[in-house]
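What follows is subunit A paired twice: with subunit B in the first complex and subunit C in the second.
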Partner chain A sequence: MTAVDTAAGLPAAAAAVDPGPAPTGRRGPRRAGVRVARAVLFTVLGAYFLVPIAASVAFTVRDRGTGGLTARWYTGIPSADGFAETFGRSLTLGLLTVAGTLLLLLPTVVLVTLRLPRVRRVVEFLCLLPLVLPPIALVVGVRSVLSWAPDHFYGTPLADAFFALQEPDLPWILVLVYVVLALPFAHRALDAGVRAVDLGTLTEAARNLGASWPRVLVTVVVPALRTAVLNAAFLTLALVLGEFTIASLLGFRTFPTWIVEISGASPQLSVSVSVLSLLLTWGLLVLISALDRRRPRTTA
Partner chain B sequence: MLGTLPFFLLVGVVLLLPVVVLAVEAFRVTDPVTYEDTWSTSAITSVTTGAYGRAYLGSLRLSLVTAALGTVLGLGLAAAMLSVRRGRLLRRLLLTASGVLANFGGIPLAFAFIAAIGNAGVVTALLSDLGITLGASLYSTTGLALVYLYFLVPLMVLTITPALEGLRPQWREASDVLGGSGWQYWRRVGGPVLLPSVLGASVLLFASAFAAYATARALVGSSIPLVTLQIADALSSNVLVGSEAQGKALALGMVVLVGAVMLVYGWLQRRASRWSA
Partner chain C sequence: MTAAVAGTPTATVAELRDRPPADVVLSGVTRTYGSTTALDALDLHVAGGEFLAVLGPSGCGKTTALRAIAGFEVPDAGTITVGGRDVTTVPPSKRDMGMVFQAYSLFPNLTAADNVAYGLAVRRRGRTERRRRAAELLELVGLADRGDRYPHQLSGGQQQRVALARALAVAPQVLLLDEPLSALDAQVRVQLRDEIRRIQLELGTTTVFVTHDQAEALSVADRVAVLRAGRLEQVASPDELYSRPATAFVARFVGTTSAVPAQLRADGQVDLLGTTRPVAGPVPVGDVVALLRPEQVVLRPDAGGRGRVVTRTFSGGTTRVTAVLPDGTEVAADVVSTESTELVPGTAVEVAPTARPVLLVPAGDA
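Moving on, here comes the complex of A and B:
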């Protein structure tokens, strides 16, 4: 960070004035106090964040019978009853949500930037709304709307469509709600991407060369926003793979509801699956930050 | 224009319509005998008193306390992280970890804590071998607060770090050259500049804690008065006619409370940005 780097490189005379990292001078004892406080904060919070993870691992690799080590709570995950079904369903829902979010939001963000600056604030507001609206309140409303099908339009095509949305094998209603829940994260990622490149010049050049709007979107806009698109996609996927509230209250079986389901009969398995899902989130987010670091080279 | 139509359509149908329906149907009551719907405020009035009222208070207290603690701890951690000399690696490590842990809410988090300090937890066993029993149970409000902070502190670090990095070192130097003390710098320069960002971040923390359901469900079932748990119970109850309306009224109450917090936040934000302008 600039504050630290410039101060460290300053000549001694200036460093005496600078209250920052100078090891000697009038604030010497206070700096030492700050350093101790900082060390205490790092240690306490570090322990707080590491202990639950370490304990989860210890909890799942210790064999209660023999007292030795065992990997069976991890090797047993793929064949566990219900894992393949629910994880597959959550993954499918995740991929559909990613596709839906991008198809919906990418044209919107691009159009708002290029053609409709007037509605920018409205779009921003609507995209931020799911961040503060409690998902449990949203799902109660969604349930009320879905209950119109048997109550009010029974026998009409609309009711059939409502029932089709709630197919337990692949509940499309979850995709719709998850797209809404992903809006804040996806919008932030895409908006940052759009601001980082000069989209106006790029698209004008493509239009002048005779490209149609769909072609501009596919061959110019998407490649220019590659990092932002991937960022939005990974965040959305991580959100869907961990979402419990909506799925549980609408009565669908997904990966997170399965973890709760098995926790009573086999606590070790539920903890080992939790450790794996932490690793999965970690992997997805490390991928994002790796892509972020490549950004200056790919877009500038 | 046409290209933005799908976006507005989906937001309208899946986000706005359910909230509007909630606001209307919370005032509809089904008669237990004739199954006829009538307008009534009975559901709304019933959720402000008794067990439901306590649930709102419990949720508000828990989310206010955890949001305040999360704000202070996250701010401290972010400031400590940025004050380390030649700490580029540390910063990258902590920010990546914060990104992961802020997303590590919900079900897996609850089970990690159960494995650590639950009844059969590893740390619980370790401590009891040493003759120490934990002061507070994990399955209580205090335990829940401890678990919530696990994703709230990283969320604070993530949201406030850019604002802290935006504090120019020259401002501090100018204040020092003019003879200002550290306290005066934070009182007159740093604090007012940071205030809008800190307020925004703590409102976000409050909203996350207030809306949290999965972690609480996995940890405490419904033994603690929290409004999210009460809503889920009301919806899953097939015994009582009208419990669905109760759930809607409870959910509407949550929306109204969050809306009120956002209004206060908007007002504070306008006041605060007057200082930094």
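Moving on, here comes the complex of A and C:
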């Protein structure tokens, strides 16, 4: 009884209580000091992030011949040799990874929250592991497993499956590895979302009203976790679009390996592509927060 | 407050009212969590159309009992029937019950009207009917103009009203209320409590209302079941519970009591604070403890009196005055405020009962 009373009720009620507007800052010298500190911090951090990017942009728009400005490194991107192929591949890998990560993690996180709160720690630990494992160790492991196909069971259907995983046009093995790499980020995002809503009460309310479990998932759980799902998807996609080490070491050609590949022959093109991919990532970020903001956030 | 009260009942209200009321019977329901026994062979009968409050301290099993009726807890032993149908192992989604939770439980992505209509959508009712019923139920709970608001745009009290409308929208056989008022502030709590009672009387839906607040239970329920350690202590009307508690636990939990040492004589009379009164029930002769309500005690200023006033708490029409006897016993009395001015702390008083104690218990058991 106690367990039920407090677990189902109290924290949820506390979370639902509107804390009211944040206390407004104090006036006077103390507030001015805070302002100055904030401005300094902002400037330093802004410079730290923006100076390298500004340098990259400057490098790509300067016309070495005339000394003026040029946009040709940007206009030339779409037709650059290998861009469409590698970018398309990376995007496909990214979307597949997002799908795989969400399919694996969303039901897990929901199940852990509703039915198996005791294994929450274990799941959290497992999902954080990829962060502490060096990618190189992961690559070595993947490579030795993949080499079982020619070494041990060549000619069997399993070996064919292993070879299919390594198809250069769409290397599924990268999807598998990227799902693992994305676990820490996607789990963090989903876990934060699950903690922010009272999933237990919401699902019980829906069950009480006659909804089946699949219906509860689609009409209650996913909408309640929409922001968290979008965040997880975004982080995963950004990770895949920027992942170089593993793709390169396993010998696949993706967008990041292509950027490195062309940097020798055409440094400006490679930097302009990097700048563009940065803008693309930011664009995604803005898009997600815009989607989230469609839901008005005013308080009662 | 709502048009539904005064005018002709809406189609939805008429439909809810015309449903034959279902009774709920728990027999020998047991539920344990590890070594903790939440429900210990609980027997409870809720009559059709009745408003039953389940009252008890935190940890007494009241929420577990409600969740077992709703289907969120499966009993380890015992059966639960609703309207004669055994639902012990029926999943919650197939039980035809409406529940209002302690925590705010509205679906955040749906408007108030869509929340109310959720159960109807699950039952594949048409769009027109869903809209009509949602509007009628929002009217019933006094929120006719808030249908297009999202939960976060509503106050706590409004959210619980919408939750009540949502629970009633499916025309449930039984309405389950799990401390729905405990997250609200005092004024809203009283208002919504009275409104829940009004709606329940209007619809006649069998209702089980779990609360730890005895004032809440006594003011709205037809009968109150007091639970203690997973067992039923007493179930009775509020009046009976207050005036004839079955056990010392009930007497203490419901209302205020003072425990005063007394002696029970062989002739069935009790010596209490210098008076002699007849006793109703059988209690072993000897030292007993008499449980007295504050309105059953008078305090008279008397320089030679045995008691001395220790506290005086003004509460409008009456004032609660506590006196201490030489043996350390504290006795509380409610005194009409205009007559209590002399009873300041330190005053010597004579303490006397004006009525038969609500309960006598053997001295060791109090």
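In this text, the second predicted complex is superposed on the first by the 236 of 300 C-alpha atoms of A that agree within 3 Å, B and C clash if a C-alpha of one lies under 4 Å from a C-alpha of the other, contacts with A are read in each partner's own complex, and residues count from 1 in each chain.
By our rule, a residue touches a chain if its C-beta (ideal position, glycine included) is under 8 Å from a C-beta of that chain, and two chains touch if they have at least 3 such contacts.
Keep in mind it's a predicted model, so treat the numbers as computed, not measured.
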Which of subunit B and subunit C A:T201 touches, first, second, both or neither: second
Touching partner for A:A189 - first (subunit B), second (subunit C), both, neither: neither
Which superposed partner A:V221 touches (first subunit B, second subunit C, both, neither): neither
First, second, both or neither for A:L102, with subunit B first and subunit C second: neither
Most subunit A residues touched (candidates subunit B, subunit C): B
A:L237 touches, of subunit B and subunit C: first, second, both or neither? neither
Shared subunit A contacts, counted only where both subunit B and subunit C touch the same residue: 1-4, 8, 17
Subunit B residues touching subunit A - in the complex, by the definition given at the top: 1, 3-4, 6-8, 10-11, 14-15, 17-22, 25, 73, 76-77, 80, 82-87, 91, 95-97, 99-101, 103-109, 111-117, 120-123, 149-150, 153, 165, 167, 169, 172-173, 176-177, 182, 203-204, 207, 210-211, 213-214, 217-218, 228, 231-232, 235, 247-248, 250-252, 254-255, 258, 262
Residues of subunit C touching subunit A in the complex: 33, 36, 38-39, 58-64, 67, 70-73, 91-99, 101-109, 118-119, 122-123, 150, 152-156, 158, 163, 166-167, 170, 178-179, 182-183, 230
Interface residues, subunit A side, partner subunit C - complex: 1-5, 8-9, 12-13, 16-17, 197-198, 201-202, 204-212, 215, 219-220, 223-224, 226, 295-300
Subunit B-facing residues of subunit A, complex: 1-4, 6-8, 17-21, 34, 37-38, 41-42, 45, 48-49, 51-53, 55-56, 58-60, 62, 103-105, 107-108, 111-112, 115-116, 119, 123, 126, 129-138, 140-145, 176-177, 179-180, 183, 238-239, 242-245, 248-249, 256, 259-260, 263, 267, 270-271, 273-275, 277-278, 281-282, 285-286, 288-289
